[in-house]
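The structure under discussion appears below in the form of structure tokens.
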């Protein structure tokens, strides 16, 4: 049975495997200083309309988050994040392990607003408290929602007013930029954030994230090496991002994942199950009776069931990906109907 | 012209690429909890005759070193290493960034001995000094030398006498275990160290190291996640190590790399250039007149020239790999002869 | 006008100054290994009925908190604290600077309960999250409340059930142990916690806290030195704690501070001002109309006014100490009555 | 028998105790924001001819060293120190615990020179190595030697040429500035270093160091609080430094300590014992036959005997202080003569 557990259950899109095979015996220097990485970086700068941005390729999301935060903050400075923020909940204290507190604020839809950020800033006034200095957001958020251009611009203005960095975790950026209701573009992100990353792992790469940094950070490669984040055969990252971005494959894959999510969402909704938070992207969070969820698991479907909604219902998570076939969704929906 | 700069200049051995392609659309759980990683771990335990060892797969060497050291030591405890040790010189303070001092001792051949270790232990007697607690060695060393079984057993006894962990960095373990004069085996390493890793990156994998831990460390995966060292599509590591280890490819590739190094070494020596440290493995360090080194660079050869021997000579480094063709070595030797 | 800002506004009780003068020219070894510290440690073990406890003397509370937590936890382990906990709010991320996350839970009266602790434990189930490992409480709490023996015993049982350390911050332990309604004793604390400290700074010493550790921690002095927490003339701490504890001065001073707080509390209440949280100790938190608070400040009184209760009222803090004269309270109450 | 173990064996100079007693019942705000600290800071700025310097008061030397280094460096940056440097040997890895490597260079007299600093800088060229960024020196050094104005100016020029901070640990600054051969003044130190501290602990205070910072560091108090280095009754530090510095007591005490050291040195030398390193300050390091050293210990004298010179001789350390009476030195010399 199909696994809707995550968007990294398979390997890579075949075009990426092919690109790796095609370049396999080229000899290059290591550590991401090779022509493939340089070409991919140039391509990203072009797509972002950010000719002066520094581009760094990393292997995974937690690694990228801790690198950026540790590189931008001084020891007494802190992160502002939604209570659901990945850095707060699901990175085993990776940010704190670099010495920095994560100050959280409750946000039902997973998004930060200027008001929420300012409530944290106001609460930190003296040297007896950390100094909030970087706003961490993700697009899509942990609950699948996306930022509009106006919302992101408002956060930027708030950050400027309070001397804060704005960092956007783009683990699922493809899904965000191709979501219903999205009006953000890569150039918008480059213009409105101090740093963000284009997530490859969850959108068809074997692995890899492309960090776009506008914040000055001349020695970022020193940070990377110190954290064990420099890949010896760095060109693997350049090759993959070239393949993903040179002709729009990245967006095509994300659009497919979202499309499969909508197909699933609409089918689930037609069966009458509610979605407490409306997600326009490739993660869907319906509330199912426990008996239905157990029925699906018994059939062999895989998905997350972490959040009890009440004693008899569970808020589950279904994730679709670049590799999800429409037929898998349709079969699933038929099986779901049977579980009632 | 051929690059002798490093043993990670190419991609992966074709069998590994094929294995990745063959398993590409399998759906698995992430983070290394998949059947491929479990099978590779079982295989490694079998090859090491270490049925109780914990096996963890990581992406690179610096990452592995910092993980093991941070996991095994308490804050006030320190590492003992040769002055040339990779953790001391070439990891941008990665160990110190986890809070631990690296206590170094001078070693001309890059190896530690009980006497050298004890000289460090003796110098640290009170709470005003760090407590040496882990001996870091690598096989091969940074200068290409290898440990004998007797040498490693002596270090083990020394560590037992002083309550020290013994950790072996196996970035080039394939080259070590197939080197002239080597009498160590994987079961020896598992029996004599608290932890060691089987390096894949420098011996034919796209990336990846397989850590073998005997030291109890129930929560090592928490450490991994906290340092950003859990690969989402973890099965990539399992697939590669299965391909490398299931039928001896790992040793075959290393034997080839060493063979090419000997061919190069013998040719260079025949031209009269000295090797201050005799290396029986895939890194060779002859001393060349600067004019000769420059001549080779002018022809387009790539290799490291970091160490001036004197005003007119440079101790260079030539590295061969699983991918080095004999013809490249022969052409190089002809060109070298011409550079005189 | 009198300052009710804090309980460390003056120097030390005269008996302590005298003890320092009397021993001033004794030559002793440094770093707390001297006979004065040993005698004070023996005395504390006796008073705590804890013959095997390790006693360490430190200079201040934040220093003590970060030392204990960094010494007891492994990198991936975390602290559980009330949202008002000193380590969460008022130590500039000192705990995070040692690498550990502080997991907070909302508690209106500043106290933790087994239910609150378990709600945090339940939320942390996999290696993608930190592992809660130490429960941090303080007695008195940040809002002046105190634990009963039954409450502390229940926390101990909860900690035992979940493999958690229980650490009690005793910055105001004197005030707690002499508070109305308290039934805890030093031997109770030694029996029920893994570590706690007897706060000197806020109860008549120039400075100094006495840490009582039952949790095994053989190398705690290494931790202390590493964090810059070993006082060269360590005997200053021994001398002060001997003077405080040898004949009950410590409790006498705390009883006086509490008595002055009750006098102030009763007077304020008599004027009709409410106390949202009832505090039986030397910190009192009435809600005053802003005009009244401003009137007191205009007269020169000092006290904290950080928490707006609503647009027209402020929840202020008045702190009394070993040095507060009854006449200062009485004058203050008269002035308060005038401010209406 | 007299202890020559250290210069912090006694309490404080009586004038300091008196000042603490005189101000004991003043109510002040805490944390070093009080009028006493402000007056002491103004006095220090005046004595240093450094009207714009920031002055911070801390409790001890290791604490000060780790604070300055952690505040000035980014994560990948490192310290350059002599192999005997206090931060390298005697602080239990306090600097590494803040994440920074200490790069050492051998220096027989404990002093750094531009040549030694540059040898470290040259060896660190890429992102695979730490970036040396701060030169740590002490005056007096660990072996009692002192810097001349020309030597310090040369280091300053070297630091400027290489973009390095220059930080001077002044634990024994009084002894240095009053030593034979010294030509440095407080204004020189303020002009030539980025930060230095005036050590109180080893020159007559109960405790306390006064840090003079020219390097911009607006949020230094946040660093202090985060490291547990803010003293609640901060005014104790201000009171002591006022007493030490307002009328030259600080230099008078140091001159006395040095004078006693010279008396001891000359007496020891007259007996024919050699001093491998000539120290013009209050630490003296003669080489004694082991039998003589043991004879002195048997008589009850205390001093350090850490360094074996050869199988039959020990390089011992005698330290004099503000409190050492001439009679104690004379008695000691008579007893030494008897031990032959």
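Letters A, B, C and D name the chains as they come in the text, with residue numbers starting at 1 for each one.
We adopt the following convention: a contact is a pair of C-beta atoms (placed from the backbone, for glycine too) under 8 Å apart; a residue touches a chain by one contact, two chains touch by 3 or more.
Just so it is clear, the model here is predicted, and its values are computed rather than measured.
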Chains in simultaneous contact with chain A and chain D: B, C
Reference chain B; chain at largest CA-centroid distance: C
Rounded Å distance between chain C and chain D, as computed from the means of their C-alpha atoms: 33
Distance between chain centroids, defined by C-alpha means - chain A, chain C (Å): 42
Contacts with two or more other chains, residues of chain B listed in rising order: 75-76, 91-93, 97-99, 127-128, 130, 222, 225-226, 230
Parts of chain C lying in touch with chain B, wherever the complex brings them together: 70-71, 74-76, 98-99, 127-128, 130-131, 219, 221-226, 230
Contact set on chain C toward chain A in their complex: 75-76, 78, 89-93, 96-97, 99-102, 127-130
Chain A partner contacts - residues on chain B that touch it in the complex: 2-3, 5-6, 8-12, 14, 17, 20-21, 23-30, 59-67, 91-94, 97, 201-202, 206-207, 222, 225-233, 236, 302, 323
